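Shared between the two complexes below is chain A, which pairs with chain B and chain C, respectively.
Showing the complex of A and B:
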């Protein structure tokens, strides 16, 4: 049984409780407040609110724009996660090999992750600028004309996906690199003795050992990418023609620009609910403690 | 006995203290009386000690911030009230004011750029009327936006948008200032060659597009809402006009650089001052910028309002900015500050962007202090042109957020849907028939009305 007899123990206990309380307050208060707002009709954050129950939800769910934004969010998340994981594993395998200058290359590989998102967004915007962008000029010199990077809905989505993958793949790489280094060398030795080639060693040793990390990465990146607001807002503001407007952008537009605080809160709450549901399903099938799920 | 100033009570007290070392009851009473007298006669600065006004500025230009800080410092020196100037980009001002109210530390004075925000805050009881202050002057049209006969903001500039053009290129090509859309499109086409473009109209879903690209539509008499705030953009009278406008924009498309969906205010300034485009929509800031960055273009630059399709009308796109006083415990002090500020520093503040901040107060145009600015003196022709927008009857002053018979939130909501920008993009980039784009636009507008 735990006992807290010394002053030091009591201080640690107090600090722990305080930190938990502050964290809960900082997380719970905004969430509860947002959920509360979603049941009111309000045209600003300071005007009087009118209780309308589920009115905002019914209205939002009936809009085709909501489902379109939901689909765009799913598309963006899936594309970025698949590419980040594939590239992340590939880069981790390369960086795990011994080669000259490995520490420097490992350091450089992390660089994009260290850049503030706004820097990434502005850099991509400049590179793809319709008049002065380096990539635009190169494309023109190659005889491809001036690509409509941000005018074409599909191209705009591709651009934000590429920018996102470029920025956040290093996180996946570092995670897998760490996981690779925990795989006992004896497993590879045993596989080699059993006659397994490099592909078989990768497929039957490396991949199974990376699965727990893969699960965590997919979970974390799903949450982050589905909620990703900054890169899309900074690069396209959800355009062109709402082609990159996912739920966070839609919620922001409604709450802060279209004077529909309740509607914006409803969109954000629905997004939160979808994500929570997804995480519960995920944990049902892939519990993090490694036990068999309730399949 | 020494002769003292009769108001110099402290000095008298000091002398008394020297000559009568013992402090008696009479002395204490005298001191109290002296203190009270000092409070009553003397010094507003002592009275005001510790008071602070918080002013949210949304003009982030260096000179504008400096003008406000100078005024703040002077006010503090004169009245002992500290005025703290916080500066944010214009788009953030309303949310910042809301946040400050919600946090229980509201700003005392704020800057707003949309009449609907003033309406929202006034309806919520967060503003105090400035009617008496406003009524001291004559104002230009479409800028006061009274709410129930009260004025809740003090406008400091118009942000009209008109067209600039390269006079030298016009001369080279033998072109004339356009009075119709066809002429405009032809001129832009003639000036598009060798990596140079006729015009740069932003077409993204943003405020820049709605400020810089819609003037033609207003010139042609398009109205989005009727006098009951009912959407009429797709009725039998308006739809053909909007369709014609979208057709015109499609015609202009090849004369514009690529990437105009990403273009913002600064993009167009850069395109014009860099010589990439021959026409640019903007307000007076364009002249200020080329005076600074591309002085060789100054003499080569002319201006005109947005023409209509038939050559019988013209328009400018509306814009405006103003200050509000919030209903805080400091409201009386804020009103006093505002009164002092507009009497003593209004023109200094306008001078921080002398050509861009077009005065909405008509008396300012005749004020020799305002006219004394070198840029205003130098560009007298432009200034007269700007003033004429306020006085001529044949100029349409319109914008989406000022549609309808009075101040209302609905046009503001319409503004933020960017449905007109979608319509332009649908026509320009998806090849959608303009009539279909108008229908989609109208449907999107209806979702917020």
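Showing the complex of A and C:
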């Protein structure tokens, strides 16, 4: 471990302090400002603000819309996370097997994750277009009529969940694939020597070794899926009749469409408070100065 | 492992084919739709296009009649600026934190990880308020700064893991051999950490290139939009111009696919590090 002695050390120290300061300014300032905005009433982003204390919070929390949006967010997160994790583990186990053409399939399996959300939203809207969408036409040919994908509240949720699972499952797949490759081969050998069949080796070696990764993934995915604004906004705008309006969409509507900046900031801050709980759980289980530690 | 039975191997192949189909089909359909002549778009679709529009009308319309070329340039400029700023700042922070006695280093790294989990709107609402008061509303600079609020924490977090794992002895050996501290850094540390730095560069590029939320909130005029926001507004204005929309979507995705072809191992490494926002 070094201390700052020479000139180049001091130069680096200066660069370090400047970098930390810039980063803090970039991140801390907006967050503090968001919390500050949530205590004021203002008509727009540039108008004069009036301090109203906890007024925005009281107003927001008393609305049934807030709790409804909260529930919708939880539903969306739980559905997408369960599906992503189940499919992701399945894909990882599959891609861990040797088979002809594996590199190609591995590459293809990652592609959806690279796509910008807007591309995913546009591609799915085209597949589901009411008159020309391929899936709509197939559904009709199968005798299911023309499904009202985006007009039916339940169907709209199903559609955003499927699109989300499609693009974000590769993250889970790759993470578990990496975890599978860190399992020491000697464990399988030992199990084999002990007479464990392939099912037992899978159940008693593979699965327990994947549990730590499962915890990390579920926490990270929960944090991100609960935050997700773009996929829902781009596909349904929170509709039909706010059937897919979760907290991020609600915060956006308030701040940018109803010009209720304080209310929007209050909703965003509240969802941040919920997330902070999850993040604290993450830090509790994965402390930064834990096993790996800072040297 | 190679002695698996034939049915099991067949089953694996079928499952792999299904996975490939599931992952690639919407992308395939997007590209095919962008290449079909307009009259075919209104006919019942066929999985394999009957005719391909070799004049690329959808692409031409998009590039000639809309602000798409400007928006492409905006996206490139913003993403490159984000990559450069992110690398400069995150290399310095991560390196100093892993190599020097710095008080509160765990707090610094912890707050980076914390920051990279923030809800985007929690940052977007105050950022618009701040930039609007500073006179930077509807300005690409605002978008660059906004993307840096995500990419710097990501970069520090990834490089921290990277520098931590890199043996300290190498630099010490170089310094014993007469290198200055800076010399050791530039001659030993930077080249050896190139894979980590490339991964951070790719992921900050990806983050900026694919971002919708921040650009959507911070920029209004068509000429200042980045590609994702530009495409979303085509969705609004060109009602049912699906050919152009699919062409636009393909144009955003294409650079990423090309990057992936050449740099896939860095993508996989970054993903496996659990390191991309999303």
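Assume the second predicted complex is superposed on the first by the 265 of 295 C-alpha atoms of A that agree within 3 Å, B and C clash if a C-alpha of one lies under 4 Å from a C-alpha of the other, contacts with A are read in each partner's own complex, and residues count from 1 in each chain.
Here, contacts are C-beta pairs under 8 Å (C-beta built on N, C-alpha and C of every residue); 3 or more make two chains touch, one makes a residue touch a chain.
In this text the structure is predicted, and so the values were computed from the model without any measurement.
In the three-chain model built by superposing on chain A, chain B clashes with chain C. Applying the stated contact rule after C-alpha superposition, one finds that A:37 touches chain C and leaves chain B untouched.
Of the two partner chains placed by the overlay, only chain B lies in contact with A:130; chain C stays clear of it.
When the two complexes are superposed, the chain touching more residues of chain A, out of chain B and chain C, is C. Legend: residue contacts after superposition of the two complexes on their common chain; A:185 is shown touching neither chain B nor chain C. Using the contact criterion defined above for the overlaid structures, shared-chain residue A:116 touches chain C, although it does not reach chain B.
Contact with both chain B and chain C is seen for A:46 once the two complexes are overlaid on the shared chain. Of the two partner chains, both chain B and chain C are touched by A:256.
Contact with chain B, but none with chain C, is seen for A:239 once the two complexes are overlaid on the shared chain. Shared contact residues on chain A (touching chain B in one structure, chain C in the other): 45-46, 125, 129, 256.
Remark: chain B residues 95, 98-99, 101-102, 116, 120-121, 123-124, 126, 204-206, 257-262, 271, 276, 409, 412-413, 416-417, 422, 425-426, 428-430, 447-448 touch chain A in the complex. Within the complex, the chain C residues that touch chain A are 1-2, 9, 12-13, 15-17, 19-20, 22-24, 26-27, 29-30, 33, 41-42, 44-45, 88-90, 92-93, 95-96, 98-102, 105-106, 108-115, 117-123, 125-130, 132-133, 137, 145, 148-149, 152-153, 156, 164, 168, 180-182, 185, 206, 209-213, 217, 227-229, 231-232, 235, 242, 245-246, 248-249, 252-253, 256-257, 260, 264, 267-268, 271-272, 274, 276-278.
Those residues of chain A lying in contact with chain B across their complex are 43-48, 63, 65, 125, 128-131, 133, 136, 146, 148-152, 237-242, 253, 256-260. By the touch criterion given at the top, residues 1-4, 6, 8-9, 11-13, 15-16, 19-20, 22-23, 26-27, 29-31, 33-34, 37, 45-46, 91, 94-95, 97-102, 104-105, 107-127, 129, 132, 134, 137, 166, 168, 170-171, 174-175, 177-178, 216-217, 220, 223-224, 226-227, 229-230, 234, 248, 251-252, 255-256, 261, 264-265, 268-269, 271-272, 275, 279, 283, 288-289, 292, 294-295 of chain A touch chain C in their complex.
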